[in-house]
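One structure is given below, encoded as C-alpha cells.
Chain nomenclature is as follows: A, B, C and D, assigned in order of appearance, with residue numbering initiated at 1 for each chain independently.
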Amino acid sequence: MHLGLVGLGKMGGNMRTRLRNAGHTVVGYDRNQDLSDSTSLADMVDQLPEPKVVWVMVPAGDPTHGTIDELKGLLGEGDLVIDGGNSRYTDDQAHAAQLAERGIGFVDCGVSGGVWGLENGYALMCGGADEFVATAQPIFDALKPDGGGFVHAGQKAGAGHFAKMVHNGIEYAMMQAYAEGWELLEAVDLVENVPEVFASWREGTVIRSWLLDLLTTALEDDHHLEALEGWADDSGEGRWTVQAAIDHAVPMNAIAASLFARFASRQDDSPAMKAIAAMRNQFGGHAVHVGPPAGAQG
Amino acid sequence: MHLGLVGLGKMGGNMRTRLRNAGHTVVGYDRNQDLSDSTSLADMVDQLPEPKVVWVMVPAGDPTHGTIDELKGLLGEGDLVIDGGNSRYTDDQAHAAQLAERGIGFVDCGVSGGVWGLENGYALMCGGADEFVATAQPIFDALKPDGGGFVHAGQKAGAGHFAKMVHNGIEYAMMQAYAEGWELLEAVDLVENVPEVFASWREGTVIRSWLLDLLTTALEDDHHLEALEGWADDSGEGRWTVQAAIDHAVPMNAIAASLFARFASRQDDSPAMKAIAAMRNQFGGHAVHVGPPAGAQG
Amino acid sequence: MHLGLVGLGKMGGNMRTRLRNAGHTVVGYDRNQDLSDSTSLADMVDQLPEPKVVWVMVPAGDPTHGTIDELKGLLGEGDLVIDGGNSRYTDDQAHAAQLAERGIGFVDCGVSGGVWGLENGYALMCGGADEFVATAQPIFDALKPDGGGFVHAGQKAGAGHFAKMVHNGIEYAMMQAYAEGWELLEAVDLVENVPEVFASWREGTVIRSWLLDLLTTALEDDHHLEALEGWADDSGEGRWTVQAAIDHAVPMNAIAASLFARFASRQDDSPAMKAIAAMRNQFGGHAVHVGPPAGAQG
Amino acid sequence: MHLGLVGLGKMGGNMRTRLRNAGHTVVGYDRNQDLSDSTSLADMVDQLPEPKVVWVMVPAGDPTHGTIDELKGLLGEGDLVIDGGNSRYTDDQAHAAQLAERGIGFVDCGVSGGVWGLENGYALMCGGADEFVATAQPIFDALKPDGGGFVHAGQKAGAGHFAKMVHNGIEYAMMQAYAEGWELLEAVDLVENVPEVFASWREGTVIRSWLLDLLTTALEDDHHLEALEGWADDSGEGRWTVQAAIDHAVPMNAIAASLFARFASRQDDSPAMKAIAAMRNQFGGHAVHVGPPAGAQG
C-alpha cells in the first residue's frame, strides 16, 4: 500500500527501508531535504492515493502537535494518521479528537526496536478503533517481527502508547536489577571474574534476557566498565509510567526507584544530601547557633 | 566418573538422572530409603572409589551443617565435597575451613534451573580452588546446559554461592518490574487486552526474557490471574543479597523494594500502616486525648 | 477587616470563629443554610465593603473551580480572592489568570493545623503578588500561630500551595519513618515495652517531634494498636509532590515509598504480587504448559 | 554513687561532668592520660567500692570487646558492667553471657543526645534484668533529661541498643524526608524563599520537630547550603536496622531508601549507573558488537 511518512531520522529512515523492502510505496517527508522524498508536507499528501494514510515519526510534544495540526488541514474524511512517535497517551486522546472533527481517523502506535528493528522488525503496540487499525494493518505487518511483536491494545486512542510507556517503565527496573547486582559483585573480592559470571547466566538461568545479552557483551569489551560514566538519561516514558501509577494508586516502588536512580546519576552533587549534611553538622556541635530545643529539658 | 549424591528430592533426583544419562556412576543417599541407593551416608561413601567426590544437595543451614560435619568424619585427604544447595556464602567459608582440617577439598556450587534443569541443564556457579573445581569438572559438564551456563566465579569458598545469591536478587527485581507494569496495565480501562500486550512483547522488544515468557503463559491461562493470591515467599538468597549490599555500602533500591514487596504480600494487615492510621486519627480530631503539642502556640 | 468566607465545614467553621475572636467581621457562605451567614454567594459578596476580600475554603477541583468562576462574575477591579483549600499549584495559576481578566487579585494559601488550629493557630503558606498579600495580611495575622507559622513563599500564584504540598510530602515520609520503626520493634521479642520506648523518645532524642507525640499518645491508649486497621488514605498533595519531583528530575525515594505504602494499604490483595506468584508457579513446575525457553539449551 | 567510666572522649567526658554535677563520684579511665583519672583499667576498678559499677563508653566492635574482656578479669560476683556505646544488639547478648560466667551483671544502654546532652540530658534506652537496671538507676537518673527520656526496654541484653538502633533508623528517614522536600523546593522557580518556608513550618504544622529546627538554623546561615557537600556518612545503626528488618521480614522501604541515599552520596560515580549506561550504549547502536538476540526474529 501507499504510506506518507513524516520524519526520516535514524528510526524513520530505517522504517522506510523496511517498508519498501516489503513492497510498500513510501513517500517520506523530512525538513531535511537531503532525506526527504517530497518538498513539503502538502506535497507528500498530494502524492498519496485516497484514503491517504500518514505515519508521523517526529519527537513527542510540539513537533508532533504541529505536524498533526498541519495534517488536519491537509487530510479529510476517511484518511488516517498514525502517530508512531513517543507521545504521551493523553496527547493521543487530544489528537484523535482534533482529527475526528474533520473525519480523519487516528491510531497511536508505540514502537520498540531501535537499530535492530530494520533487520529484526519493530515491536508495535497500537491503539484506536478496529477500522482504523485494519486500514493500516499491511504496514504493521511489514514493520513487525515475523513471529509476533504486534498488539492492538485497545479501541481508544492512547492505548498503544500507554502499553509502550509501561514497557519502558519495566525496562528501567530490569536494567536497574542487573545494574545493582553488578555493582554488588564488583564490590566484593570474593567473585573474581564478574564478566564470566554474567556470560554464564545467559544459559539455563531464570534471569536470561536480551538485556543480559547486551550487558554481557559490554562487559566482554570493558571488564569493569572503566570507559563509561555512571550517567543515564531518561525519556518521558519512564516518568509518565510512574506518574500514571500515582494517578491510579498503583504502588510502583521498583520502577520509581529505577527512575530516581537515573535522576541522581545526572547530579554533580545531591541537593538532598546537602540538607542531610546540614542537619548532621548542626547536631554535631555548633552549639552556639542552635537554641536548646523546645521541650528538651522536659 | 563416580559421585556420591546426598539429598534426592525433586532437585537432587533429577540431577541424578541427568548425570546417569551422561554416563556417570551416581550413588545416591537420602534419608527416605525409597529414594536412596545406599543405606547410610557411610554406606554411600564406602561405595565410592578414591578420590571420593560427594555432592551435597540438602537444605541450607542445619541440614547442610550436619551433613558436612558427618562427611568430615567419613572422608579423608584428597577427597572432595561439593555443596550444591542454597547455603549462604559465609557458611561456605566455615565449611571449607572445617573440611580442610582433614585435607578434604570443598567447592560451593550455586544451581539454577528448577524443573527445567533435567532436560535443559542447570546453570552452575562455582567457588573454590582450581584443583578442586578441576576434579569435579566432568560432573559440572554433565549438569550444565550445552552452550554455556557454567562459571568458576572465584578461588575462595563462597564465590559460587555469592554469584548465585546475586542472581536471585536480580531475579526478584526483574519479576517485580513485570509485576508492577502488569498491575498498572490492569488498573486502566485504556488497555483492553493485557495478556496480548504481554505476549506481543516476546518479540522485538527490549524487555523480552524467559520470565516474560513465563508470565505470558500464565496470563494465557488466567487473563486476570483471578485464581491466584498475591502472596510470595522469599528464599534466603534475596535477603542475603540486600544484607550483603548493606555490608558493602552498595545502594540497592530496586532489589530491596522487591524483597520488601514479598514481605508485605504475606502480611494480613500492615503493622506500619496501623501506626500511620494511629497518627492520622490523632491529628484528625480526638482533641480530648491529645494535649496541645509543645510549642504549638509559639 | 471584613472577609467573605466560602465553605463553613469543620475547617472553615473553626477559622470563622478564630477570625471573629480576633475582631474581624466575617460573612460566611455555605450551601448548607444551617451553617451559612448569607443566602447565596451573591448575597455574601453584597454584604462586603470594597475592596471585597473573599476566602474560598472548599474542596479542590470542581468545587473550587466553580466557586472561583462564580466569584469572577460577582467581584471586580481591586477585589481579592484567597484560595485556602488544597488546590494543586497548577490550578492556582489558571485561577489567577482567570480572575486577572477582570482586575481581581488572587492569593493561594496552604493551611495546616486541623482541629488544633482554632486554638493554636493555623500554619499558612501564601503565594501571590506583594500587594495582594498585604491586603489580606490582617486575616493571615489572625489565623496564624502567635510565634510564627506564616510565610509568603513567592510572588507567583501557586507558590503557597506548592510549599504546602511539599509539607505534606515530608509529612508522609516522617510518618512512614516512625511506622517502619514501630513495626520492627513490635516484630522482635527483645523489646518488651514498645509504648514506653516511644514515650521515652519525646525527651532528649534527635527524633522528637509533634508526630512522635501523637503516636505516643495513641500507643498509650492501645499498646499494640489492635483496634486499628492498617489502612491509610492519601490526599492529592502527596501524589502531586512526587509527580512534581518527577517533572523536575528530583530523586524522591523516601517520600515516594511512603506514598506507595498508602496505596498498598488500601488493596485487599496486591495485583503485582499475583503476577509474582504467577511467574513462580510457572518455573516451579507446570512443565506441560510452558515450552522450553528459547535458547535454554544453548 | 561511685561509677567507673571507661572512655573520656567528647561524649564520655561530658557525661562525667554531668554525673559529677549531680553529686556522683566518677573515676574515669582513658588511654589518653591527659583525660584520665586513673592510670589503668585495673587502677580504676581498684578505686571503686563494691559492688563495682563500670560504664563502658568506647567505640563498638573491637574496642568494646577488648574492654569487656579485660573487665571480666578485673570484676567479680555482683559487680555490673554497662555498655553505653553503640554496640550491635547481638554483641550485647555475647557480652552478657561472657560476664555472667563470673557472676558479673550487664546492662546495655543506648544513648542519644550528642553535644546537647551535657546541658539537657541524654535520652537513655536500657536492656537487662531488673536487678541490674535498679543498681544503676541513680546514674541513669542523673544522665537523663528531667522530664523523661529514659526507658527500660526489656529484660534481655540488647533490648536497649536495639531500641536505640531503631531510633537511628527512624532518624535517617526523617532527615531524608526534609532533605527530599528541600531539594524539590530548591528545584522550582515558584518558591522564592525556601529558608523562610522552613522557618515558618516550625509553628503550627504537622512536621515540626527538633530536626526541622536544626535545618532551619542551617538555612538561615547558608540559604542554598552552598558551603556544604552532599556527602553523608552512616553509622552502623542505620545498617543494622535494615538488616534486622530483613531478618524479621519487616518491609522497610523508607528507611532503607534513606540508608542507600547515604551510600550513594559517598560514591564519586555510581557503578550501577555505569551498567545502565553500558546497556543503553549497546541497544543504541553498536550493532556490530552484538549478535541478533535469540528469538528476535520469532
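Everything that follows uses one rule, which is that a residue touches a chain if its C-beta (ideal position, glycine included) is under 8 Å from a C-beta of that chain, and two chains touch if they have at least 3 such contacts.
Which protein is which chain? UniProt says A, B, C, D = Decarboxylating 6-phosphogluconate dehydrogenase.
What you see is a predicted model, and the numbers here were worked out from it, not measured in a lab.
Visitor: Counting C-beta pairs in contact, does A-D beat C-D or the other way around?
Guide: If we tally the C-beta pairs in contact for A-D and C-D, the bigger total goes to C-D.
Visitor: On a CA-centroid basis, which chain has its centre farthest from chain A's?
Guide: D
Visitor: Could you state the distance in Å from the CA-based centre of chain A to that of chain D?
Guide: Spacing between the chain centres: roughly 44 Å.
Visitor: In whole angstrom, what separates the CA-based centres of chain C and chain D?
Guide: Centre-to-centre distance between chain C and chain D: 33 Å.
Visitor: In chain B, which residues are in touch with two or more of the other chains?
Guide: Where chain B meets two or more other chains at a single residue, that happens at 114, 116, 120-121, 145, 147-149, 176, 178, 180, 183, 187, 202-204, 206, 208, 210-211, 249-253, 257, 260-261, 264, 270, 272, 283, 293-296, 298.
Visitor: Write out the stretch or stretches of chain C touching chain D in their complex.
Guide: 89, 112-114, 116-117, 120-125, 127, 144-145, 147-156, 158-159, 162-163, 166-167, 169-174, 176-178, 180-181, 183-185, 187-193, 196-197, 199-212, 241, 244-245, 248-255, 257-258, 260-261, 294-295
Visitor: In the complex formed with chain B, which residues of chain C make contact?
Guide: Per the stated touch rule, the residues are 114-116, 119-121, 145-149, 175-176, 178-180, 182-183, 186-187, 210-211, 213-215, 217-219, 221-222, 225, 228-233, 253, 257, 261-262, 264-265, 267, 269-285, 287, 289-298.
Visitor: Under the stated contact criterion, what part of chain C meets chain A in this complex?
Guide: 202-204, 206, 208, 234, 239, 242-243, 246-247, 249-253, 256-257, 259-261, 263-264, 266-267, 270, 272, 283, 293, 295-296, 298
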